[in-house]
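Quick one: the structure is below, questions incoming.
Per-chain residue numbering starts at 1, and chain names A, B, C, D, E and F are given in the order in which the chains are listed.
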Amino acid sequence: MGPATFARLPQIDEVSDVDVAVTGVPYDSAVTYRPGARFGPSHVRESSRLLRPYNPAQDVSPFSRQQVVDAGDIVANPFFLDEAAAQVETGARDLLERAGRLVTIGGDHAIALPLLRAMHAQHGPVAVVHFDAHLDTWDTYFGARNTHGTPFRRAQEEGLLDAEGCLHVGIRGPLYSGQDLIQDAALGFQVVTSDELDDIGTKGVIERIRARVEERPVYVSVDIDVLDPAFAPGTGTPEAGGMTSRELLRVLRGFADLALVGADVVEVSPAYDHAQVTGIAASHVIYELISAMAPRD
Amino acid sequence: MGPATFARLPQIDEVSDVDVAVTGVPYDSAVTYRPGARFGPSHVRESSRLLRPYNPAQDVSPFSRQQVVDAGDIVANPFFLDEAAAQVETGARDLLERAGRLVTIGGDHAIALPLLRAMHAQHGPVAVVHFDAHLDTWDTYFGARNTHGTPFRRAQEEGLLDAEGCLHVGIRGPLYSGQDLIQDAALGFQVVTSDELDDIGTKGVIERIRARVEERPVYVSVDIDVLDPAFAPGTGTPEAGGMTSRELLRVLRGFADLALVGADVVEVSPAYDHAQVTGIAASHVIYELISAMAPRD
Amino acid sequence: MGPATFARLPQIDEVSDVDVAVTGVPYDSAVTYRPGARFGPSHVRESSRLLRPYNPAQDVSPFSRQQVVDAGDIVANPFFLDEAAAQVETGARDLLERAGRLVTIGGDHAIALPLLRAMHAQHGPVAVVHFDAHLDTWDTYFGARNTHGTPFRRAQEEGLLDAEGCLHVGIRGPLYSGQDLIQDAALGFQVVTSDELDDIGTKGVIERIRARVEERPVYVSVDIDVLDPAFAPGTGTPEAGGMTSRELLRVLRGFADLALVGADVVEVSPAYDHAQVTGIAASHVIYELISAMAPRD
Amino acid sequence: MGPATFARLPQIDEVSDVDVAVTGVPYDSAVTYRPGARFGPSHVRESSRLLRPYNPAQDVSPFSRQQVVDAGDIVANPFFLDEAAAQVETGARDLLERAGRLVTIGGDHAIALPLLRAMHAQHGPVAVVHFDAHLDTWDTYFGARNTHGTPFRRAQEEGLLDAEGCLHVGIRGPLYSGQDLIQDAALGFQVVTSDELDDIGTKGVIERIRARVEERPVYVSVDIDVLDPAFAPGTGTPEAGGMTSRELLRVLRGFADLALVGADVVEVSPAYDHAQVTGIAASHVIYELISAMAPRD
Amino acid sequence: MGPATFARLPQIDEVSDVDVAVTGVPYDSAVTYRPGARFGPSHVRESSRLLRPYNPAQDVSPFSRQQVVDAGDIVANPFFLDEAAAQVETGARDLLERAGRLVTIGGDHAIALPLLRAMHAQHGPVAVVHFDAHLDTWDTYFGARNTHGTPFRRAQEEGLLDAEGCLHVGIRGPLYSGQDLIQDAALGFQVVTSDELDDIGTKGVIERIRARVEERPVYVSVDIDVLDPAFAPGTGTPEAGGMTSRELLRVLRGFADLALVGADVVEVSPAYDHAQVTGIAASHVIYELISAMAPRD
Amino acid sequence: MGPATFARLPQIDEVSDVDVAVTGVPYDSAVTYRPGARFGPSHVRESSRLLRPYNPAQDVSPFSRQQVVDAGDIVANPFFLDEAAAQVETGARDLLERAGRLVTIGGDHAIALPLLRAMHAQHGPVAVVHFDAHLDTWDTYFGARNTHGTPFRRAQEEGLLDAEGCLHVGIRGPLYSGQDLIQDAALGFQVVTSDELDDIGTKGVIERIRARVEERPVYVSVDIDVLDPAFAPGTGTPEAGGMTSRELLRVLRGFADLALVGADVVEVSPAYDHAQVTGIAASHVIYELISAMAPRD
């Protein structure tokens, strides 16, 4: 039991030096189908109670090799998309002044844009490894440019991305047109579809990712709908035919030697979850990401 | 089975003359707690399949004494509150040109403001009988003036209401301060709290309403959270201690001799519903309202 | 824990003399909306584990004043309505040769007809006290004469009922036409609507029932949808505005001096239940009925 | 939002020429365990809102290369199995006069027999590719010959099948006896069990299917319980150890060069679904089947 | 959003002087049926987010008239009942040294005994107003003397209670024997049954309570199963026929002039809750209790 | 339908000779996170209704090649861990006098220790094949030595295990420290992690198991959380990234030539299950284990 911080980590004000800050953004005003991701941060925290200090899969104790804290939530205005983006960016910048790395629990995927702005301010253009059923490189939706389907197009337009290092993993499901893929490729993204995963396996995916990002600073963005709805029912735009949680975790376990600068896990919508299946998967995803960030000897 | 119109009514394009149009507004961008009312219209329609043509409680056949149709949904931009309000108002005005009365399935309570604008354009100031756990006369929220907590303050400011005829029924639960009630009264609203209902009964409530609205044109706005969470779990801002559905339906059955000009039933959030308990309650509420609108000999 | 008999009662083969037999009919082929009542018997038994031997509300120990057993289930053919009816009648007649009284857990309401046939064979015409949202005196449905909406019309046509002693309690919701009520009255039924309950209270309902049935042999048929969906979400044709379980139980507690010959509790559909709310209500209804059957000094 | 047609397709009366008609059969009177598939068509339609026009997995725009419509539901008598079968057959024949191909959303699997009768009337004997946990070639159940466990035996007896081209995919779970498999083989069916899938992979399954059906006219019948209960909890007779939705979709993506004449997706039972997991899987299955039907250049 | 303290109150270490401390006891090892109340404290806190500062029903601002804090949880050993009791008592005594009054969120009802020990240490014998479906004055269960069915017998034996001032409210449901009531009365408890509530109303209940407790120091213990399962599905030993949340809240609103020294709200079991119906009811119960504790001018 | 024994098997008192007895232990007082496994036995039995007599995967009729019965439940004191252990051991010893083999449905994993004591009394040290996400070889928890996380350490200390033949399968998730693995290995256990399964496949796992247990008497202990939460949401300490039910069943199908002496399937917690997904998986696991125990010609 105890306070509902992520993995029972200390709160940010309880420690002096911070290596990794976990924060939440309870915001879902930019979704196009099922809302509810505003309750994602508290649900994922509540679902993280069983996480323990040693990660045998990566053979590392992620919380002792680095100071990890729960930094609470960044409040974002639910009624004005642009103001919300500014608030998330400010909140992220503030945290990045105190913590070397930031792991954010969404919230919907629109928060990736202001997070990338904050990342860019520190690291310059970053390679994005994007796990998702969807490309999220659409242009606008209902006239809005900052929705959960558009963050990576905006990010690329703003020069936040090192496009040579970006790729999507787990893409599947219907699109508006074949142009979606062409435009996405033009933005610089490579794609590893969910179907390809069957052919190349998790090891093949890791190789594809490593070959793509190389030594670049890497930002990992995980839309939980990259998992099949069986593994992540609690999300906003589910698509059949996704990854298993075992596959996703295994891929992330291969990230220890990447130059990770930050990450987000978004689109957990608890009203559609049951038995914390989605929340637990998301908390394990975050745990593997933090483990991969931990320094090795 | 058959097409999922409300109560299996014909679609608006299948008939020539229309007395009452039922429409949906799948919009929930103005909520402050649990979202999901965007799926309210389809859920209430799906939950209305068991409604039949004769209403013994009011001794009227609501669909044969007047032409009632399902007019489909009014699309509202989920990302810009003001544009959404304009779209709802336009959609409602268009329908009111074809139908004498409009019954709207929300969506969140913010849609009441544009609906009242459309009502006012036809009828001038209207008396509002407002069933809700909450006053919904707050001023702003996160700087936004058109949220689901503010429609009746805006409506009063715009002169849409005949304040002498307005009252809230079912109010309960904590407020920000005692000023909330004072400001609400200053706007002209009377209040029948949920507790008072215990003392005066449903007949007493009907009398209070009749004494208040008298001969005025009446708009009925039902936030489904006026019901106790046991009767309406599927809603966004539930408050314990509410009305039973038997009480609410019985009050509405006393409205046959009011000058009803329109109504809405809002804040049905299906992700929190189970076994269609909330959806069925909402569909019966609409059925009683349409029955009350039916002409008698 | 222990074997899943109703209220942990002995199985019928474990005792020699039987006063009251509880049986299940896992049959739902005659429903018109949500199916699932075939799982009613096992769900109600599972939900009856907390029942204990002494009933303070009736000041009686129902299981020590009379031998009550669980007689298991009567199997009915799910594919042929008439064969199913014959099987239920045969099963009930067999049990009535061993047990003075029979309490049946449905299954859908169509089973009331063969049960009344078996009752009539022993007792002649019986008074039926029928708790339900619906009249269940419709004529046919899809050409079928033995559905869950028709048992009491068939029973009356067959002379199974002492119509002077019959009444419905809890009726509410829309009908096909005003003729439904007229035809129902012509069959001899009185009606206490759900709305009337507000006016006369549970004591008034008991008086109405007593005045109606007098000294006649009484069969009690409880469609669990007489309860509001908040109290019985797990049922097939829910109607808003029903009785509370406290009201229903209190009415039944007034039956100790009626000449009860049998009872059924039908239409519990577990797939729509949650937290056993409906199952527990049904098990308490049965417990009060068995308590009312118990001899007093 | 908008009207709840499959994939927001036009209704059949809104277009003149039809290539593929999607219809629903809200019928579940022939099930042996959990009912509820009568609500399958509306649930699958509701779950298909996220489908979009371009299918990258098959590189085709299924709705622009052919005219696809939603033809509404075929009503079938829930109380008489044979009359229901006749109604489904008549409904299917009528639609096949207007549409080249028919894709049916069940309903339970008993509807496959009348659908195959209608197919046979147009195409003569067809090869059936049958995805299911169960053989569905039992003889009778409770004396009934047309249940959800018997359609393919009846179809073979009636000469509707080109047995040389038939096979089951995904079979698993206990049987009544070893004779079940022997009799099934005698009817001409080949079997690819769920376990074999592990060995030969989705590509191996596609090869097995192609080698079996060759150039024959092919009818695809998908019982959603071919998926593991994790991927399709909302079904009537779930068996552990099934396919993943990724596997099933991938197999279907290999059907573009088969001579598809029709398909059904049956046994979706929404009361047991959660978060639309089953409904979404079923809607994607239909989408892949319609995509495979689309003409290529 | 923000930290998940009860009603977003400050944590105990953030303030200097404390009038009322809210604490949780995540312990359910003493239950006899459904476990899960160990998650009650976090669930009730999560369900309390909508509580606001002003309580119109009591016309008081409970958090500004007195310093109220969230004191976090008291950890109790899940494996040894006696050690757990000692831990709860120690934790409560520690808090009572800092806070004048303690409001505890259970956890199961066994925690009432150590809480009463701590109360007694400060106030001497207290009057207990006990809302519950069950008497909780059984002697032992499975040989254990400190279970959730025995706290008030133990408390009386230890002299913790001023028996002249004790009463149960909401009692209903079957007992083991008529002796249960006789023994309970011998311990000094009066009983207001759920049925009596129908006759005397909430005002009558308040009068009964006031007449019983008079000027004595009062401890209020609310087992959430005093509510009907419709209003509190998320509990361990539900009994049909209970209070509505409106009735319970109204009774509590009459406690402002009682000499309240502490309170608990127990037996909230989230795994059986849905849409936070039980959690919200419990959070409102606590809110009314804290409001009643607030000093008036 | 019929009596709720496992797979509709006869009760133990209905037959004279018994080869395999299936028993339940409705006990969950030794869990550290989500309780509820006390309802596991009735839930798994209810979920086993679809099991049929012939197992094609193993080509055996498990109930005709050996007499299998349902022996009902062993009652264990929920309040005293040691007394409960003694009761389970006694119950198991009694059954082993009548039945050659025992298959136990938990209950939580703490019951494995007394079951192994009973096994040891008959067979001497046994090889344990342990499917689980967790090692369950911790030392103490809250000072208790017999919890659901400690049975195999205790068993080894007591000499109940033939450590040369023991291994864990499916291990994954965070640990307290790297020492956990070292101590576990020191106890004699080998580990096949969930990740390794991806590399060696189900056939590789079977080979690893066979090579380990050789001709030793084998006890199989299946914690249902070895499955991924998608396949077994209804459990107490879920960990993302687990086995699929297809994998687990396939491994068990390779056990026919092992010297199986007993088995348990534990940690099914129905309150977190939906649509019986977990219950069905557990019932199939038991079915495969009993099939593997059946003698071949």
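Everything below uses one rule, namely that contacts are C-beta pairs under 8 Å (C-beta built on N, C-alpha and C of every residue); 3 or more make two chains touch, one makes a residue touch a chain.
As the structure is a prediction and not an experimental result, all values here were calculated from the model.
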| request: Could you name all chains that are in contact with subunit C and with subunit D at the same time? | output: B, F
| task | Check C-E against E-F and say which one is joined by more contacting C-beta pairs. | result | C-E
| Copy of B-E's interface among B-D, C-D or A-D, judged by over half the contact pairs being the same? | A-D
| said: Rounded to a whole Å, what is the gap between the Cα centroids of subunit A and subunit E? | reply: 42
| note | Cα centre of subunit D to Cα centre of subunit E, whole Å, reads 55
| query | Taking each chain's centre as its mean C-alpha position, how far apart are subunit B and subunit C in Å? | reply | 37
| remark: Residues of subunit C that touch two or more other chains sit at 38, 228, 230, 244, 272, 274
| All touching chain pairs, where touch follows the definition stated at the start | A-B, A-D, A-E, A-F, B-C, B-D, B-E, C-D, C-E, C-F, D-F, E-F
| field | Interfacial residue positions of subunit E with respect to subunit F in the complex | value | 28-30, 32, 34-36, 38-39, 77-81, 83, 141-144, 147, 271-272
| For the complex, which residues does subunit F have touching subunit C? | 1-4, 24, 26, 38, 41-42, 46, 72-73, 75
| Contact footprint of subunit C on subunit B as seen in their complex | 49-57, 59, 61, 201-202, 228, 230-231, 244-246, 249-250, 253, 274-277, 280-281, 283-285, 287
| query | Can you list the residues on subunit D that touch subunit F in the complex? | reply | 33, 172-178, 180-181, 193-195, 198, 228-230, 233-234, 237-242, 244, 272-274
